[in-house]
Structure formats: structure tokens, C-alpha cells
Amino acid sequence: MCGIAGIYLKDGENAPDIVSLALFSEQHRGQESCGVSYVKDGRIFLHKGMGLVKEVLHPELLKDFRSNVAIGHVRYPTQGGATLENSQPHLIETLKGPIYSVSSNGDLINYHTLRNEMEKLGVHLSTKNDGELIGKFLVHRIEEAKKDVIRAISEIFTIFQGAYSTVFLTPKMLIGFRDPFGFRPMFFGKIKNGYAITSETCAMDILRAKEVREIKPAEIVIVDKDGVEFINTDVKNLRKGRGHFAHCIFEMIYFARPDSFIFGEYVYKFRKRIGRILASYDDFKPDCVVPVPDSSNFIAQGYAEGSNTPFEMGLIRNHYVGRTFIKPVQSFRDESVKQKFNPLKDFFMGKNVVLVDDSIVRGTTLRKIVRMIRGAGAKEIHIRIGSPPVKFPCYFGIDTPTFEELIANRMEIGDIEKYIEADSLKYFRIEDFKKLVGNIGDFCKACFDGKYPVGNPLDSGIEKLKEIKHSV
Amino acid sequence: MCGIAGIYLKDGENAPDIVSLALFSEQHRGQESCGVSYVKDGRIFLHKGMGLVKEVLHPELLKDFRSNVAIGHVRYPTQGGATLENSQPHLIETLKGPIYSVSSNGDLINYHTLRNEMEKLGVHLSTKNDGELIGKFLVHRIEEAKKDVIRAISEIFTIFQGAYSTVFLTPKMLIGFRDPFGFRPMFFGKIKNGYAITSETCAMDILRAKEVREIKPAEIVIVDKDGVEFINTDVKNLRKGRGHFAHCIFEMIYFARPDSFIFGEYVYKFRKRIGRILASYDDFKPDCVVPVPDSSNFIAQGYAEGSNTPFEMGLIRNHYVGRTFIKPVQSFRDESVKQKFNPLKDFFMGKNVVLVDDSIVRGTTLRKIVRMIRGAGAKEIHIRIGSPPVKFPCYFGIDTPTFEELIANRMEIGDIEKYIEADSLKYFRIEDFKKLVGNIGDFCKACFDGKYPVGNPLDSGIEKLKEIKHSV
Amino acid sequence: MCGIAGIYLKDGENAPDIVSLALFSEQHRGQESCGVSYVKDGRIFLHKGMGLVKEVLHPELLKDFRSNVAIGHVRYPTQGGATLENSQPHLIETLKGPIYSVSSNGDLINYHTLRNEMEKLGVHLSTKNDGELIGKFLVHRIEEAKKDVIRAISEIFTIFQGAYSTVFLTPKMLIGFRDPFGFRPMFFGKIKNGYAITSETCAMDILRAKEVREIKPAEIVIVDKDGVEFINTDVKNLRKGRGHFAHCIFEMIYFARPDSFIFGEYVYKFRKRIGRILASYDDFKPDCVVPVPDSSNFIAQGYAEGSNTPFEMGLIRNHYVGRTFIKPVQSFRDESVKQKFNPLKDFFMGKNVVLVDDSIVRGTTLRKIVRMIRGAGAKEIHIRIGSPPVKFPCYFGIDTPTFEELIANRMEIGDIEKYIEADSLKYFRIEDFKKLVGNIGDFCKACFDGKYPVGNPLDSGIEKLKEIKHSV
Amino acid sequence: MCGIAGIYLKDGENAPDIVSLALFSEQHRGQESCGVSYVKDGRIFLHKGMGLVKEVLHPELLKDFRSNVAIGHVRYPTQGGATLENSQPHLIETLKGPIYSVSSNGDLINYHTLRNEMEKLGVHLSTKNDGELIGKFLVHRIEEAKKDVIRAISEIFTIFQGAYSTVFLTPKMLIGFRDPFGFRPMFFGKIKNGYAITSETCAMDILRAKEVREIKPAEIVIVDKDGVEFINTDVKNLRKGRGHFAHCIFEMIYFARPDSFIFGEYVYKFRKRIGRILASYDDFKPDCVVPVPDSSNFIAQGYAEGSNTPFEMGLIRNHYVGRTFIKPVQSFRDESVKQKFNPLKDFFMGKNVVLVDDSIVRGTTLRKIVRMIRGAGAKEIHIRIGSPPVKFPCYFGIDTPTFEELIANRMEIGDIEKYIEADSLKYFRIEDFKKLVGNIGDFCKACFDGKYPVGNPLDSGIEKLKEIKHSV
């Protein structure tokens, strides 16, 4: 998971500043590193660093970055490869100078094949990052074979398999394009004096953008001094009867900000509906519904409304935990979850509690929370999960663990219930997705059902794909 | 506002590590800077820096800080003097080496007088910070006049006017003491292999401390290899019939973490009761109750329960805002509040909303939120505030603005209602505090009623006090 | 003035280390900045910095620079443009990666014209340095027009006017070439396991090189895994009857190290001969001959031998002055020369002294030295200069001042004698150069006689050339 | 070996600047590190660093150091302990602030005993440096026991055994004092608007000081706003019939700058006389006399004059070698001497050479030089050394190696002659010292004869002393 942004101003020089504002609103999509690149005197300048937007792109720096056009990126923490080099945007050097830059959100499943091809052509790749691959492919096409940009991007749509919501910067143009499957969200809007491209609409809100609309799968947007052009490539949809697109349903459940509008729906409404459906599975009367804050707040509220049970914030979250846990000292090794959550004292005593979480990945955190609440006196703890069991890794931009680490891949629901020490455990049922969205065929639910929308990763060997997973 | 911590281990060398864990839990009390000092080979070593605990005291550093005894501090952002020099703990240099260290939470109202006296004695003060003053006074007494520590602290209780919850470190002892008025909280507890001193009980929770109890006003705790000694000084209470203590009521309303137990009460319960009392002032039926997150969550829940109205999280807070706002670009100057809060779309449309906040200081932020919600379609917006009007500056450790900036000092409630563009505005009534706590005489409510518990700052000239305010 | 070096090893990985050793021996040719670049895994890596070789290229760093081929550079301090960016070697970025590097010693007189041409071709120049221009011209020819290296260098010989002793590095080849006029020295030698290219033979000495020979003007040397190839380009000599070459005679008088062999002669012998010729101009009997150390030592010794007068080191030089004078404090403003030289006490008292210097540029330093010696008691001070009056700026790599600052351009010898307060002043006579070297027509003496060997800088406007002077 | 300086201005604020100018002139006494401390607003500020004066104390920094009084130090490179912490000046912290500073040149032989005593008194020593010990002893006496400064320094003269030329700074006074044996030089002079204390007179020259005189052994100089006071303490001379003082004769032979006046004599004259006496030992007629530059230049000139043989600079020294050798690469391991010296080609061919050096310590360098010259064609090489064989380590401030490493301690002269491969080897004869100076009894020659002037280090155990040697 990552977030991108691009700004083109017809008038004004604070595009890098506005990009950083947009990235700040997309910070939940990636806290590991971030950066901004912009055009100045026909060259492109880049600033990126490890850390949060407000740290890396602080105002003192930004005030010296004067340009009418800029792109940016926030990157998600992955275990391997959390280096500045792999961070984005990428600057692309040529003998003509550093005149191209690229940011991409997503993951390519044929990254290694493509990389080999590119290296055979003499192109030097200095990172393990697929954004760089996309950018240098484009530059290579423009520089070497003199093909035009649109044709080069159309080639990408055909050859590059996977998720990519990409912004590309040249000294004269801001270009945005989105893979034909539409895995990740991507939006276009008009702002004062110019245009914006962002990953989510919450970023458009802060820019007070108008006429916000999705950039469609396989669509290209080119902004330059002559205005905006939208190009619908003639790329045939490659999903062969599985529906038109492959929107990531996990964006709706977990990743996107609740105030964003994604894939045709407000995220908070979607989550509340999940909660209501979960409530419909039960006919008991608990004392209260408690979310694991903050990602499950709206699912828990939906449950509370559906079951007419009080919604209570019984777990206090330490918001300073941020992107890295403080490693616990030897004698406090079990406290890593306690650093993040603390139960209210006197609150749980003797209560029957419904505890709502968005998903279970490894199960270890949830077990510690259950124990914590039990230790605080809860009588019964009923776990309700806002998604079906996560049984398959994602190869399209979300950093899920491997097969072996996914608890739902190793255990039946009954065993998971025992493992996490819950009095009962219920998941959202996969067949109920169609109650949530009209066009369920347009979504990727591979993490639940293993039906990967492209490239059949199961056939091409999981081991190879595991490798790919860390090059987000 | 600041937070302190001290750890003494009978056995083990990770006291600096445990201090940092406690400080992490007290991060809400100060995000500007932090530090830890510890004893090693008869000397004291100090590490401090600007930034959050997880950044300044990161595990790689801490693993080299080996000691059985340590103290620490988190500092609140103030406008002036946000420098590393003014940060705490302080290391005190003598010809015998750097063998003392001090951390204090609070504010002295006779700081300038005391400072002048100290300088006359030849003591060099290198900061503007009252923690340093307290520490060097102690060292001066010990070094020069050979008086003993307890006697020196008793002198402090008599001479030093104001708030100070202080930890003091010598090569052999960890010492804690709290001013006779008990302005700020301070706790003592037993942990595995040792003892802990913290500002709040939420820090004790993460340390799994047992037998946690308040350090009483005018009490001294000394921990050394022979164990713990509690000393109740014979300092007469100086409040002359105004009640015994002067606990800061704002700790309960706003500052302390909801899961802490402060001044004899769980903070979240206190806040819920505020909400219920607020609800009792109204007899209408709004569509929903929305908090300004996160500080008002429990007050809003109390209101929701009291009024039997749905509690809704209609404002999404960006938790990455942290301690500094990203300065908005020229064309987005009004967005500083929008960076922090975004209303859910489609949610407010046509609704009568009760919006709950903990207090109003300047009123500018609240006005922007009201406009934002109105822009999102709300029909009526009724503001309910969890505290009485803040009319007087605090001189005991909270960074309130000056008289002129306090909106309640300049306007009647009716005018504030108009200014913030609310359909109605109600404050918690000062006379209802006695419904909240049994011993209201033991609390300082000077920010509401101007009755300062010590030193009559109004008599000694407000101008002088304003100066003091910035030396938190 | 600068110095270059290049090493190619058939076997071994310490080429960067050996380059740094060579540069250390050429440190007198430039103390401002230095650097080394080398091939690793098909890419080129660069390390450069402001400062001396032993500081910038310290052993801890070098031990990690493993390669069988490397080039390096030391740069002379010039007033303008003393920046890291203008330092050498240059790394040249292309879409194929950073796979070329270049170091050059000298100055191009048609730099601006060439730069404009290159920019028209789309080549991005990031510095003001002519080494970069030469390197990128080569890469452009190789990359874009697919011409071969030899043909590209032959083009340079025809188009690029001025001085350039250049080393060029590709992933497979070490290439050296020298301008058709041979302004600056350049040598090739065999070392253990490989080959060396250096500016002076003193660097060959420290490498224990064998079969050392000059790289001839307009000659190209290419070293790769197949061995060494020398190419004599068919470039016609462009000097049109003025002799074959334009060796800088100032290298012999001042710049080169006395233990080097340059332009067919040992430098110390050349200087001693100058001294002997100077002695032949006089028929008096002074008490002693004193050099301005260290550059005039051998000229003074030659004079001492020729006149049978004792050679005495009456001025002590502070060798820590190095490349920058410590700026004198207000009350010691006249001491900048005194920081460098101090006369022996008791020594000059009552003596008739011949003071020998290599040249006079502005005359200000020499005047201060004369006053210093006079203050130390000298009776008569006779100045003898090892070169004719310097009347014209150099545009071929030596940082002389402008016309106006050259004292010999403004004054007759008699007036200079008065200005520097000497009892007598004699210069080496320009017509006596033919006594020093057999082939005086092969030398550039433009700084003395204004006869520039190429490009007639006087015609093309001195102002434009002044600009060039600072792009060394 | 180190150098010190102190400046007191009656008027003006550039004392730190003038100190740095003096230190620059004393740079030959120590190149490892340097620093300056000065009084500002009743406190003392310190700046020091590893490196040369012109690097550490560069003008940009100095212009912000405004004070009328300052002290400074340059430190000699020693193997162990070359750390910033051990560098000087030292700043001494007390509860009254950092109000004292000290710089000392020399070595204490009872350092460990004194250190233990001080630590028993509770004084914290943060370095291994004897300057700190002297300074903290003084502060302890002033702070704790309230004795006055003069009395405290008198105590030092009695208790502290060894060499110390010391400057001590308080907010009001500049104090200089020198051990009763006068091991190291120390001077006092009047400068424009104030007073200077330096290690050598060459520093006085650059300050244009007047009325320069030695600070006598056991003398104290105190400069404050009331002027200068010289105090001759009543300390009895402790040398018991061995002569009055113990001036280091190696200062004359090697360390001091030739243009300085030390221990009653001009250094260059002393060295020339050594050369003339050496010449008197021979009755052959060599072709030339060549010095190992630069330390032996005047000894060689003396020999040349005495023997009427031409003085020739046949070895070129690379002055950029500075304080650390570039570590040679594997294949050039023998070149460390070649990095420093290169023989003139064609010069030595067939010649009988007298090669003059100031001393032989280990013999390894000289052997390499002999081989180098032999390789350059010399027929006979006769080594003449300007001092007797160095057989004993120095414990008074010179970093000589241990017994075992001193070649003259292991071998007879005949064997050394063979080891260094000389055709002949002669040393200056110890009995001829009395021809050089009138008062030879006032000099320490312990490195030649083992007669240590104080504390009988041979009795107290050499092992203990070896340790001391590295705490220069």
C-alpha cells in the first residue's frame, strides 16, 4: 500500500507544497518514507526521506521548492527493502539530465521478467522498486525508440501485469495512468488554478477540489500548458469474463480513510453496513460493542446500530505508536500490544462484550487483546470480524504475510476461536459481499478465495511470488 | 504540562529502557522533547532530544544505556523556549563531576525571585527552566551548606511557590517529591525487581506495577539500596482554609489519559459524568451527538447516554498531525483545521447535531469546525462544552494564552455563540463541579474563577506572571 | 593547474588506492579538492571532496573501493567556483547508468562556444568545468551518434581549443589523451601488474613505474583487458610555423616538482641553470644568497654556485599555511605574509643580500618580504627573479590575475624596483630562454610575450577570456 | 610536545583570534588537535577539535568568539589517547558554572599518584590528561579550601613533579606558570593593547611583541585589569646540586622552530654550531652535504660551512605528508618513506655524500633513505647525526618510544652503521655539549645519559613510567 499525488498549476509556483498537503492526507497509506519531485528550469529536482510527511517535507524546505508542477509519494512499511533507495518518487537520469520522474502505487507480478528484459536493453535499474521499472520503461521508449508517450503507456497496459496507479513527470507534462484492472484507487480533480491527481478523495477534500472523478482503469490523463487530455486506450480488458475490473475490496474494509469515496461508495457507509450484516448473524443481547480502535470503529458502530447495543470505546489507543513499535525490554516482552492498547479499568467488569475487529491476519495481537480484556474482568468476549478469513497472500500491493503465517490458512474457525480464547468468533460471510456492493464481480477478493484476477500466481509458483511481495 | 518518570531496580540494568516505556505512555503530556538520565560508574549520563519518545529514545540507543536507576521527562510544546537547552532532564555539573540530575513537571510562580537569589549565591543557571532551578537549589544545599537532602526538600516546600512533581537523581538515590498543593499528579508503584515513579497510572499499567499509590502533596520518596522510605514533611499547609490541596481540574477534563486514575477517580468516568450533566441542561432531541475527537469522546458519550441520542464519529481526525501543523500554503491558508479534521460526506446532511468539545480557548478552531459541518449540510449545530468558560490564564503548568486571547475573557456566552456561528452554545456550569467530585475545595479551578490557590498572582501583577508562563 | 592520474591493473583490485598515492605525489598541482572514480560491477563509482588527498581519500575509505581500474584528479584553488560540483573527476549519468567518468587538466579557450553547441544538442551540463564538457562530448558521440571512441577524440583534437591532459574511464577501458599542443605534461608507465597515467614523473617514482614515457601531444592511449594501444591521430598540427608544440614554460620555472622530469629535462637542473644565468648578469659580491622558500630554492642555489656566494636559508617558511591563509585579525592585518615567512634574527644584520624569487605577479608579497628583511637589519637587498616579467594572463590552465593586477603590465622594471623597495631588481631575460632549452619554439611563453599559441585570445576579446579564466 | 598561548587585552575583543595566530606559529609543536577558550559574560567558552589550527580555528568561527582574554593549545600526535577528550584546553565545570580553563605543555611523572589523591577528594577527572589534573587541583584549592591562587600554584610547584608550562584562565585573570625545572620554554611579551604568553618566540614575532622575556622556572605571571604581576615563589630548587634547571636539550636540536630564541640562544645558530662540530670530526672531502629536510637543514649547513663542502638539497620532501602517513597499499608497503622523500634523479650518481639527520630513534626510516640514495647512484654515504645516541625514553613531554624500540639501546654504533647500511656513521659527542652551551648543567640530557633530573623514574619502575608516557 502506498499513496501518490500530482499537481499541475496553470499559474503559481507552490505545486510541491500542495503535493505535500495531499500526501499528508494520504499518510495512512504509507508511513515509512515519502518524497516530492518537481520541475525547475527544465530539470527535475527530487527530495525524499525516511519518515512522515510532516518531518520529511517540512515547510522550511518546501518554501524553496518553487514549481508549477510536482508529483509525490508515501510508502508503506515493508520488512525488507525499507531503504531510501527503494523509496519514491524516482528521478531518472539521462545524458540530457535528470528530466523524468515517476511515482507508482501497486505491485507488478511479472516484475522479474520485465526487469530482465529491460536490463538486456542496457537500461540500468538502481532499485528493486517497480515504480522505477515503469518509469525507465517509459523513458527508454521515449529516448531510444522515439515512440510517443501514449503509445508507450498502452504498451505498459498490455505488458505490465499487476497493480499500478502511476504519476509520471516530464519537464512539460504531468501524466497519470491506472492499470486496466483498477486495483488501486486514483482520482482526478480541478483545484484553484490547476489540476490534482490523488489516490483518495480525502486528499481532494483538503485541496477543495471540484469535479472530482475516478481515473478509469486503462485511462491516461495528460496535463500540460494546453490543458487536460483524457485518453481511453484501446486495451482490451484481459479479465476474460470475470467481470470488468479487480478493485481491491480490502481498500474498503481496512485501508482507505473512512471519509474517502472509493470504487463508487463512501467508505464509512460500507463499513457500517458490514457491521449491520454482522449483527444480523447474532440473536443474543450483549452489554456493549467495543471496537479495536481506530480501524474497526465504523464496523463496530454498524453492529451497535444493527443490534441496538451501546457502542463503547473501552480500549484506549496510544496514537504515538505510529509506524514502529518501541521494542519492549526483556522483562516487558509481552507488552508490545499493551503499548498500543490499554483497557479502561472498572469498565469491563462482569460484562458480556462484543469486540469488533476488521480482520484477523496472524491472530497474535487479537489473542493478547482478548486476554487483556478478560484480565479487566469481562465475563464473555464475542469476537466479530468485518471480513471473511484471510487465507491467501496478496500480490497486488498489500503486504500480507506468507501462507504459513496466515492463521486462517492453518486453522478452522473453531480452532481460531480457541486460539484467541474468545467465547465465540464470527467472520463476515464471503457470500454476503453481494449485499454490500452491486458489482461484486468488479472486485478482487483473492485474499479470501484465492481467485487471483491476473497472471494466475498460483500456477506460476508461489515461491516466486513471495519474492515479489517484498518489492512493494 | 509535562510528564516525569523514575525507575529504581534492585536487580537489573534496564532502568533507562523502562523509563522510556513509561514516558511513551505519558507522551500525551508532552510531545516537544524528551530525555532520560541514568547512573553509570558513579556518574550521571544524559540523553535528550527534540521529538517523540520513540524517535529520541529509540531502542538501538537504549540498549547501550545500562543502569539500575534512571529518570526521564516528556515536555509540552510551548511557543517560546522550545529549545533542547530548556528540555529535561537536566544534568548538574560540579567539580565532583556530573553527579546529579532532575526532572520536574509544573511551574513556579516565584521563579524570577528564586533565580535572582540563586545567582547571588554564585550558582550558574544555564537554562530558563524551573526544573533546573529546583535541581541546582538542592545540589547547592547539599554541596555548599552540607544540609541533608530531606531538609533541603522541606525548604523547597516552604520557599518554592507553584507546581512541581519532581524526580531527583544522585549516584545512590532516586528521590521523588510533590509540591504541598498537589497541582500535578504523581504516583509510586512496585514493579518487578524495583520501584517506579510516574505522572499517571496509565504508565503504571504498562509497567504492570502493583500497590500503586499517589505520592501525597508535600511527601518525599527516597529509594536506594536499602529500600524505600516515605517522608511526610512537617510543612504546614499554606492554603489557609481554602481546602487542603489544589489539584488541577483541567487534568480531569482534558489533559490526563482517559484510562488513568487521577486525584481519586477514573478519568473516563469523570468525563462521562460531565457529559451526562451537560445532557441534563437540554430537553430537545437532536439527531446525533458528535465529539471533536479524541479529547471529547467520553464527554460526548456521556451526553449521548444521558440524552439517549446516537453517538456518531462524524469528524475524522488525521492522527499524523502530531505536535506541529503543516503550515498551509498561501492558497490553502484556511485549511489548518481541515488538515486535522474532515467531516464525513453525506452524513450531516439535514441533521440536527450536538457537537461536544472539552473547552473553548480562543474559539477560532471551533468556528472553523462549525463552518465545516454546516458546509457538509448540517441543519442545526448545538455546541456543548465540557468545562465552564476559560477566563483566566494558568500559572501552574498549563500553557494557556494570555487574558486578551481568551475568548471568554472578552465576550459573553451569547457573543461567543454568535462568533462560533452555533445555533446554541452551552458550557458546563461551574456550580455543578460539586456534583462531579466530593472534595471540590481540593481542586484548583482558577482558570474558570480566577481564584489562584497560591501567591495571589493577580496582586503581584499579571504582566510579571505572563513572563513566567512561557518558562514551562 | 591541476593533476590527473589513471591506473589499470591486469590483476588486483587496489587501483583506487594506487591512484590516491599518485595524486598524493601531485598534490602540489592542486590542493583545493580531489577525487577518485572507479569501475565496479559495470558501473562507475565516484568519491570526491574539498581538501587534501590524505583527508578526502583516507585509507579507511579507500579499502572499500575495490577495482582494477580508476582515475583521479587534484584541483587547484581558484577564487570563483571552488565548489565540490566543479571538482573532478566527473561522473556521467545516462539511462544506461553512471558508466563514464572523466578527469582533465587544463583550460579550453572556446569553452563557451562549445558549451552552447552541446546544450543545443540536448546535453545537460551540471557544472562550469571543462572536464565535464570534454567527457560529455565523448559520451554524446558514443551514445548518440555511435561513432567510435578514437574518432570522437580526434574530433576533440580538432574542435576543442586549449589545454587538456585528459583521462576517460568506461566500464572496460582506461583512455588517456593530450591536446595537440602539449600544454600540460602527461606520462605513461608500466607498474607492477598494470599501467599508470600521471601528470608528472614524481608520481611515477612513488609507483616504481618502469618504461616511463611522455604521452605525446595529440596521442591517445587506450588500456583494456587486451593490453595497451597507442594511437597517433592524423590531426595536423595547428600551430602554423610557430614550432611544433606549446609546452608551458611556467611548469619548469614554478609549478612542477623539482624532482620531476618534464618536457625532456629534470626540473631542478633547469632551475639551477636559471640561477646560474641570473648570476652571470651580476659582477658584485654579496654576503649571501637567500631563496624565498621553497619554490625558489634551486634557482637560488644555481645563483649561489654561479656567483660563488654562500646559500643561506634566511627565511623560515611555515609549512602549515597550506592552501588558505588564516585571515589576519584587525590589528594584525599586515601579517599575512609574516604568517608564511619569518626572517632569522641576528642573521641579516649588516649583510648585503641577494634574495631570489621565481616570479613577480602582483608584487605585494615581495614588498612585504623586503621590508621584513630590511627590518631584520639587512644593509642591501638585491632581488633576482627566475623568470621574465609576467605581463599577460594565462588562458591555458594557470590561474594568473587579470591584466590590471599584473604589476609588470603597469610598471617598468625601474618602478617595480622602487615599489618593492629593493636596492636592485633583475629579471631573467626572455632572450636567454634559448640558452636553457634547445627547442624554445616548442614552448608557450605567452605570459611573458603575449604570443598566445592558439585561438588568438587577444583578438577574441580579453573580457570574454577573463571569464574563462575562472572555470579552471 | 605541545604548545600553549594566552592573550590578555586591555582593550579589544579579538583575544581568541590572536591566540589562534600564536598557535598557528607553534603548529610544529603539535598537529593532532588544538583549541581555544575565552571569557564571555563571566563564563568560559571552549572550542577545540582534531586537526590543524587553520582547520579547527578557522576565521568564520573565530569572528564570533569575542573576548579580551583567551588561552589556547596545540597537541602533539601520540598513538594512544589521540582523542578530543584528551585535547586541550580543558573547561572546568563547577556548580558556579564553567568558569575555569587550563592548557599545559609537558608531562607529570607522578600523575597516577596525584590522580588518586584528587579522586579521594571527590574531584571528578574526565580525561587522562595532566593538564586537566593541574587545572582541577587549582580549582579545588580555590573552591573548596578557599586558599588563594598563588598559594595553590606554589603547592603545585612542590607536589607536581615533571614538566608543565601552564596557562590558567578565570573570568578575571590570565595566569601563567612554569615548573621549577624549566623543562619546556615559555615566554611573556607586551603586544598592542595587552600581553601575550607563548611557548616560543616565533609566536611572539608574528604578534610583533615587545619586551619579550622568558617566564622563569617556578615563576607565576598574573594578568588582570590592574596590570601584570610577576611572582617568584619561594620554592627551593629541588635539583640538589645538579645545576639549577633542566631545560630540554632536544628542544634546541629538533623541536623548536629554527627562528625561535630558546633557553638563551637562537635555535638556528645552535644547530649550525652542531654541524660545525660534527664537521670537525672528519677530515675527508665529500662531494656534497645533504640534509634530511627540514629538521636537519641548519645542522647540514653548519657541516657544509665547517667542511667547506657544497650544501645540496638532494632529497625533495612532500610537505603534504603532515601528521599522518597515507597507509601504503599492499603492493607498495615499502613506500611510506618514499611518500615523504624523493631523491633528485641524476644528482647522486657517483657522488660521495654526507647525509645529515638530527637524531636516530628506531633507525628504520634512515635505512630506507640510505637505500633510496644508494639506488639513485651514490657511491659513498656517510651519515652524521646532530645528537648523541638516544638511549633512554623521555618522561617529560616528548613522545619517544620504549626502551626496546630505541635502536641505540639495543646496538653499538658499529652495528647501527651496518643496520642502516651507511659507509660510515658518526654521532655528536655528548661531551661536546659543553662547547655548545655555557651552562650545560642547566639542561636535561636524560634521553642520552639516563640521568633523569627529577623523581628518579628508573627507580620507581620503568613499567609504570611507560604508561605515563602516553598521557602527554
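Residue numbering begins at 1 within each chain, and the chains themselves are lettered A, B, C and D in the order written.
Operating definition for what follows: a contact is a pair of C-beta atoms (placed from the backbone, for glycine too) under 8 Å apart; a residue touches a chain by one contact, two chains touch by 3 or more.
Quick caveat, the model's predicted, so the values are computed rather than measured.
Greatest centre-to-centre distance from chain A is found for D, with centres as Cα means. The geometric centre of chain A is 59 Å away from that of chain C, both derived from CA atoms. Look at where the CA atoms of chain C average out and do the same for chain D: the two points lie 36 Å apart.
Once the centre of each chain is set as its mean CA position, chain B and chain C turn out to be 68 Å apart.
Contact with two or more other chains is made by no residue of chain D. In summary, the structure contains touching chain pairs A-B, A-C, B-D, C-D. Residues 12, 14, 17-18, 20-21, 24-25, 27-28, 31, 52-54, 58-59, 192-193, 202, 205-208, 257-259, 261, 266, 268-269, 294, 297-298, 301, 305, 310-313, 316, 318-322, 324, 326-332, 335, 338-339, 342-347 of chain A are the ones that touch chain B when the two sit in their complex. Residues 43, 92-99, 122-124, 126, 136, 139-140, 143-144 of chain C are the ones touching chain A in the complex.
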